[in-house]
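A, B and C are the chain letters, set down in written order, and residue numbers restart from 1 in every chain.
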Amino acid sequence: MRADAIIRRVPWGAILRPLVTAGVVLGAAEIAQRAGLLPVFVPSPSQVASEMIANPRLVFGNLGPTAWKAAIGYAIAAAIAVSAGAVAILIRNLYGAVYNFGLTLHSIPIIATAPLLALWLGTGPQVQIAIAGLASQFPMLVGTMQGLQAADARQRELMHVLSASRSQTMRYLLIPSALPYLFAGFKIAAPSAVLGAITAEWAGADRGVGAMMLYALFSYDTPKVWLSVLLTCVLAASGYGVWVLIERIVVYWDRDVQLAE
Amino acid sequence: MSRNINVNQISMVFYGRGEPTIALEKVDLHIPAGQFAAIIGPSGCGKSTLLRLVADVMQPFAGSVTLDGDTPRAARLDHALGFVFQSPTLLPWRTVKQNVELPLDIVGRKSKRRSGLSPAELIELVGLKGFENSLPHELSGGMQQRAAIARALVLKPDVLLLDEPFGALDEITRQRMNLELLRIWAESGTTALLVTHSIAEAVFMSDQVFVMSARPGRITSVIDIPLPRPRQLEMMRTPVFFDCVNRVRDGLFGHEAAPAESRLQAVEAY
Amino acid sequence: MIRINLRGLTASALTVLLSVLGIAAIWQLVILGFRIPPYIVPPPVAVAHSFVTNWHVLGEHMAFTFSAAALGLTFSTVMATTIAVVFSMSRNIAQASLPMVLAFRSTPVAAVAPIMMLFLGRGISTSIAVVTIVSFFPLLVNLMRGLVSGDRNANELLHVYGASRWQQLRFVRIPFALPYLFTGLRVAGSSSILGAMLSEWVTGSKGLGNLILDSGEMRETELLWASVLTSVTVALCVFWVTSAGEKRLLRWRQ
């Protein structure tokens, strides 16, 4: 699509409005802290900001590991979930089994999986990568399975009347109609991967936002605790936000979908 | 080019949870090439099923359908069929132009059917000039249906099948669309088979009207419409039109002799 | 009145017992079949033995986790109910507070726990606070749905009889909202157990969460499995109780 069409598609209003609100809230918090109105465990935004600027290596040294651990886990989960979902649609008998398996994996809490995986896989990033994957697979699986079934009966009849081959039907109908659902799944899964990685870091990791959080808590370093919470939210939100942007550009026809749980 | 449609002793059975349902029983239909025919009947009479048997979407339980001697399957694989659904069924991610071009994309370059009107000309023919780059959700129902008709015509089909295409539209738009469709059909020269539940529409559009009854689906009468072409809206006031409507209505509701007073009221209603 | 179906209960208890034994049997067979070493997956007998040997440790930690979850749920139920009632009575207050309420939506434990720990320290109070915050939104949403949806006709009927708003609340809205409360409790219930355990990971306080972590670090595999199973069982029990309550109440309100 042409550049101006893409620029038009970006929802500037939706991006700017919350930013302005956030700016107002932060400004108010700053004033309140200076006036001594906030409790001692709530630093002002400027304190958190200066903490961040004063410790770039800390910030990026922890943001980086968590980001790539979450990303790798997410990518592996995406590949497996999409393939499994496609197989479940192509082979009817496997539909229930694949769905239930994904649901079961999704329901096992991190509490149980993290220590067990640590026992089996040893220390190192592989545990967090695995947890990030386990935490994010289900929405992508559901998105794939729902998406590939999204074409309605009339559209399928149309393809039949036009004598489209199976691969043509896939290409012209099934895949485009699946896209809104796929994106919905990827969108929701991204923050889950981030939060999964961070939670897994609590169970034992030396680098990463979760680890940074624990160190900051044990040294009673309030601004660093808030900084790590901020980084958590930023990481989770950017994962989501990236997909929202891509979705807006790729899925340019009017479709609002809700994934069934 | 256009083909004749011959439906010979078609029967159709559906197997559900309980007893099997006989959707169609020994239906016979003969439509000469280039004609416009309508099928009308109450809900559940199997008219949509009949249309889908002609389109090779389903296979009959017994009997046969031939289109100029070919089976529906052969005709379909030869891209001789155009189908317009009840809902426009445009692909929402394609513009109007891309939707009209969809059959061309699927058939590819090797088809001999690419002669005929180009997508751009068809879009103009159906009255959507200027909307080529619009997405379906930006168009009204009537406009979407026009695009669907253009799409059905892009491969210059020999047979055009329409399943209650204007059912979702209001009366005013519907009458306008009827005229449009007749104009488009006249330009294209195909054989057309229209399924409808509107008596006025059936009579106004066609050369022959096939009246069906339900449970099981059967043709109860065939009414020839002697109105001249091109059809004008004014023809709907003529006695000939009224007479045809009555004959169709008799076919639908049984042969009840209508008393004189009600006939007068019916005339005044028109 | 709540009638307890004795025969039904014994039937379900037997089913549970048989399933547990069945799973244990399959577990043992899998270990034997794949020759899995005991330090990766201990045999069920060893885990059961660990249960018995460590039962008071398990019990003590379970009590901590469970009370944190229960207290947290109680607080958030009280808060959610009060706010839901206020919102249902005044649409203006509801609309004005909407942004603040939405801030609680999907608050991840990962963000809430450290902040609560700064506030409340390392004890059980942090876990309680975390559970309260995380379970607040689902409870509120479900309660709102319940209070607002309460049969239109019934509300109008009371209105015609000249009932005051409070009477409407008491006779129609609250009874109708009750099943929805249980729906909210079902959603929030099991995740409250898990939320409490995750908070323990952050604070280092007593509870099943840290028991799991510690036994993992000390490579006490049987204890690890025993505590994991305990936590999953507790979460399932909470789910089962709240589901049963929900179904019971929904049956009365067809």
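We take it that a residue touches a chain if its C-beta (ideal position, glycine included) is under 8 Å from a C-beta of that chain, and two chains touch if they have at least 3 such contacts.
If you're wondering where the values come from, they're calculated on a predicted model, not measured in any experiment.
Can you list every chain that touches chain B and also touches chain C?
Where chain B and chain C share a partner, that partner set is A.
I need the chain pair with the most C-beta contacts, please.
Result of the pairwise contact count: A-C comes out on top.
Which one chain sits nearest the middle, judging by mean Cα positions?
A
With chain centres defined as mean CA positions, report which chain is farthest from chain C.
Most distant chain from chain C: B.
In whole angstrom, what separates the CA-based centres of chain B and chain C?
59
Centroid from C-alpha atoms only, then distance chain A to chain B, rounded to Å. What do you get?
49
With chain centres defined as C-alpha means, what is the inter-centre distance between chain A and chain C in Å?
Centres of chain A and chain C (C-alpha means) sit 25 Å apart.
At least two partner chains per residue is the criterion; list those residues in chain C.
None at all.
If we count contacts the way the header does, which residues on chain A are in touch with chain B in the complex?
Answer in residue numbers: 154-155, 157-164, 168, 172-173, 176-177, 179, 251-255.
Which residues of chain B touch chain A once you look at their complex with the stated criterion?
Listed in rising order, the residues are 55-57, 76-77, 79, 81, 83, 85-87, 89, 91-93, 102-103, 105-107, 135-137.
Quick one: in the complex, what on chain A touches chain C?
39, 41, 109-112, 115-116, 118-120, 191, 195, 198-199, 202-204, 210, 213-214, 216-217, 222, 225-226, 228-229, 232-233, 236
Of all residues in chain C, which touch chain A in the complex?
Against chain A, chain C makes touches at 39-40, 108-111, 114-115, 117-119, 194, 197-198, 201-203, 208-209, 212-213, 215-217, 219, 221, 224, 228, 231-232, 235.
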